[in-house]
């Protein structure tokens, strides 16, 4: 079976696509069949991914490549291909598993929505695209799926089209990612120009293989950076992260699936996939492109963490936490810990999806209320949501031992510490870890602890169809740590093609205690600051955040997302608006006048020719006609009708001819 | 073999006989040996002319008398018998009468034309005689296209006839002249075409050669004349009929038919055919209408003459022997029957439409 | 070829030609025209082309003259006396004649004496006609039929 | 003087100009035809004269042309006279001066 799957790898992404097409064709009312179809598609994809995942376990360095020719132009052909290697296999498993949980969750969450069918069509369309992106062997095919994913995210963010904010958010998301994609596309073209092929692995002369890389030479860094632009756009890194928080306008399962687990991970996956280009002729693992990645990762992580501190909306906090975690992953990739980064990505995928779904069930429970300040004390009302949410929170903030997040974060810190270039990123990350723990505890206290807020009096637990995925994801978040512990670093070795062996001694590491300390500091600080957040209290006016009470300017600065949106509005948007006005003005005045000028010249010329025509030609023709008519009249006089005169003339003619000849001879 | 012996006998003693006139002529000319060349030439031609005139004029005169006598007998009355023995000198009397009688010239007639017409007709007739070979090397005027000359002169008579008609300047004679000319022209064609086979067979236009071609006898008895060949016979008949018409003899003498038109313009002596049974025809056959004559000419005579030409060709290419003879006879008979069927004479007569020249 | 005969004939034809041109009465002019043609035929005889002379006589006098005469008969009503030859025509004719004779006398190469006269036998004319000139003969035949029909159509009275 | 080619040419020229005279100076339509016939006859005379005086043995072309030209002249005369009759029948006159309907 697995042999068959490797040959028909494309089926994994084809099934969800076909499912989405079929669902699209269903009439609007058919909720039941649409849901079953989507879930069935996802289950099939999961089964096939599992069977694809198995062979990668047996053979150590596993890479199955399947290339085909898309089309030929002239004598060279454009070839695409499907690739299966440990990286892809793991991603396949994560996407399908998480996707399945979210699909099941959203059948419950979206039950009331009238565009239920269209939602599921978009969801399966998205999962198909994501799967395609993961298993593609050609940068071009990856780029195609990348764009499809972008489209899916646009459709899903703006799913509630009647809400203007959703539409604006979708547009914003699409445009910012598009800017990133521009860089990605330029990098792609440059790569194709240099290496002549876009296939990653093509039995020897692929662009990621030695010969292809050799051809890149100096331009490798630039190509890497351009491709990184795409990653920045899609994964919401520093300059292009603005769209991710606004994307929370979409339904929560969408945020969970796309803006937590899969799509945003695509950027990191992309960097991991084309890592050889980044790390081409690195001096002990450090190249300029990687350093750039590191520093952008660091800035994103810190900035997002700080902003998350001051957010009121439950989903926005999680969005910024995702941004910061992605920054963390980028840093780990930058410092050379590809496996660490991927491990964190996978773990993050599970517990972030869990947190989002938890938030979703909370919102569902509070009938659409998203502001955490209007929630409180939901611990009692929604026990399952609370418990799973707590597990997610613990994993995210990196509590070691039982939670996957901790192990992966600790691994990243370990790798960053050994980064030869500089120690700064390591210290910044430590701060980041503390901040993460801090804002997560703030959120959990606001939502679940404290006394009940007026609005959330009658919150109720979500139905079973929503709680089961929560529980499943929680279990995954915990169990996943088994493969992550340094004692048996199976995933790490799997990813780095080494053989995993169990060694208990390595469990206890000095760094373990450092991270434990940091997390406990963060949590304690959070409890201390926000213990009475929920309750009314005299010194603080109602609904004000303790941080705001203490540091109003800082709080307002963070709350308004460091005014980056405004900055962009004033710079980029203003610039484009201004250039539009300029070109309009140019069109209206300069080009228009130029054309009219030529027109004038033409007219002038026309007038001139008409004069010439009038005076010379017409007059000339008239004259000749008059002349000929006069001549005609003259001649006709000669025609007297007398035959004899004619004969006479002939005789004269003969005579003249005769004389002429005689004279000639 | 037999032919040669007979030829030989005839040849020897005839040779002397037929050359008698030639010898006489040479004898006469010997008198003028002293004179220069062209004088001798003129003299010899004069002698010829004189001989011709004497023979034919007297012959014509005799013929007219004979004709009137025979006609008389046919019409049960005596012909002229007063002048000379049996009226033989009647023509002389007529001649004298003609001369001494007062020459009535119509009032506003065109004198010149009136005077010239009879002369021209007579001249044409005589000129035609000049070409006919009366005997071996006795043809007065030997030119290559003898036959052609004969007919060319013949055709000038039309003009002369017209001048006569025009000269007298009265309507009737004019009408008569017009009819005569129409008749003569339409019959001139068959006349010439019937001669064509003879010329084709002989291969030359000179009368001497034609006569020479008919020498010798087949089977010793029958002279090899063309008349005895089928096409020759038909050609002769056609030739004879058109000859009658040409010279306005009865039965085609409409132009100067006494009963119809008061003063015929034709004088008896101008006819240039002198076959004896002319008179028989004149006496017996009724006069035919002018349009019948024309019709007959164009629809019967012309096709028949063409068939003679074809028949002669067939006869020549079929070896001139008996087989040729039969074949050409067959051709002529076939055509004759077809033509007669076509010209069904029982056609009902449509009312006559008179067309006048405005 | 006796020059005497030539001179006589030349004088005859020219006199008749002038008469044809100048005689007042139409009929006389036609007849003098006929006489000129006879003169020309005789000249042909002198030049040894007897056959052509005879054809000339045949065609012109036998047919054309008669045709002319008939036309004169058919168009007699116009009795108006023809007022004398207008002088322009005469002058022109004389000028042409002068020009021609001047041209003829000027060209030296033409004054050759007549070689011995031997009439061309009709046989040779026949052969020539039938061999190398067959095609023109057919054309002339066609032309004549066409002219015949044309003349007929022109003259025939439309059935009113 | 035995007639040389020149003399013949002069005679034919005279005949030609006589024909021209007839054609030009007479008022009657038929005179024009007679004039033309005379001119043609003059031309034939020229042909035969040149044929006769051409170097021996004379090829029969001169005679041929003369024969054909006579035939054509006859055809032309026939049609010309037919035309005259038709014109007469229509205009009741053959006086050439009156027949100038084709005036320009």
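Chains here go by letter, A, B, C and D, matching the order in which they are written, and residues are numbered from 1 within each.
We take it that a residue touches a chain if its C-beta (ideal position, glycine included) is under 8 Å from a C-beta of that chain, and two chains touch if they have at least 3 such contacts.
As the structure is a computational prediction, the values presented were derived from the model and not from experiment.
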Neighbouring chains common to chain A and chain C, by label: D
Farthest chain (mean CA position) relative to chain B: A
Chain nearest the overall C-alpha centroid of the shown protein atoms: D
C-D or B-C, whichever has more C-beta pairs in contact: C-D
Between chain C and chain D, centroid-to-centroid distance (C-alpha), Å: 6
Centroid spacing, where centroids are CA-atom means, of chain B and chain C in whole angstrom: 28
Cα-centroid distance, chain B relative to chain D, in whole angstrom: 33
Whole-Å gap separating chain A and chain D, where each centre is the average of the chain's CA atoms: 111
Sequence positions of chain D contacting 2 or more other chains: 20, 23-25
Contacts with two or more other chains, residues of chain B listed in rising order: none
Per-residue overlap in chain A, given as positions that touch at least 2 other chains: 644, 648, 651
All chain pairs that touch each other: A-C, A-D, B-C, C-D
Residues on chain C engaged by chain A in the complex (per definition of touch): 88-89, 92-93, 95-96, 99-100, 102-103, 106-107
Sites on chain D touched by chain C in the complex: 1-11, 13-28, 30-31, 33-35, 37-38, 41, 44-45, 48-49, 51-53, 56, 58, 60, 62-64, 66-68, 70-79, 81-86, 88, 92-95
Contact footprint of chain D on chain A as seen in their complex: 635-644, 647-648, 651
List of chain C residues in touch with chain B within their complex: 2, 4, 25, 27-28, 31, 34, 45, 50-51, 54-55, 57-58, 61-63, 65-66, 69-70, 73-74, 119, 121-123, 157
Contact set on chain B toward chain C in their complex: 38, 110, 112-113, 116, 143-145, 148-149, 151-153, 155-156, 158-159, 162-163, 166, 174, 178, 181, 185, 188, 203-205, 355, 357
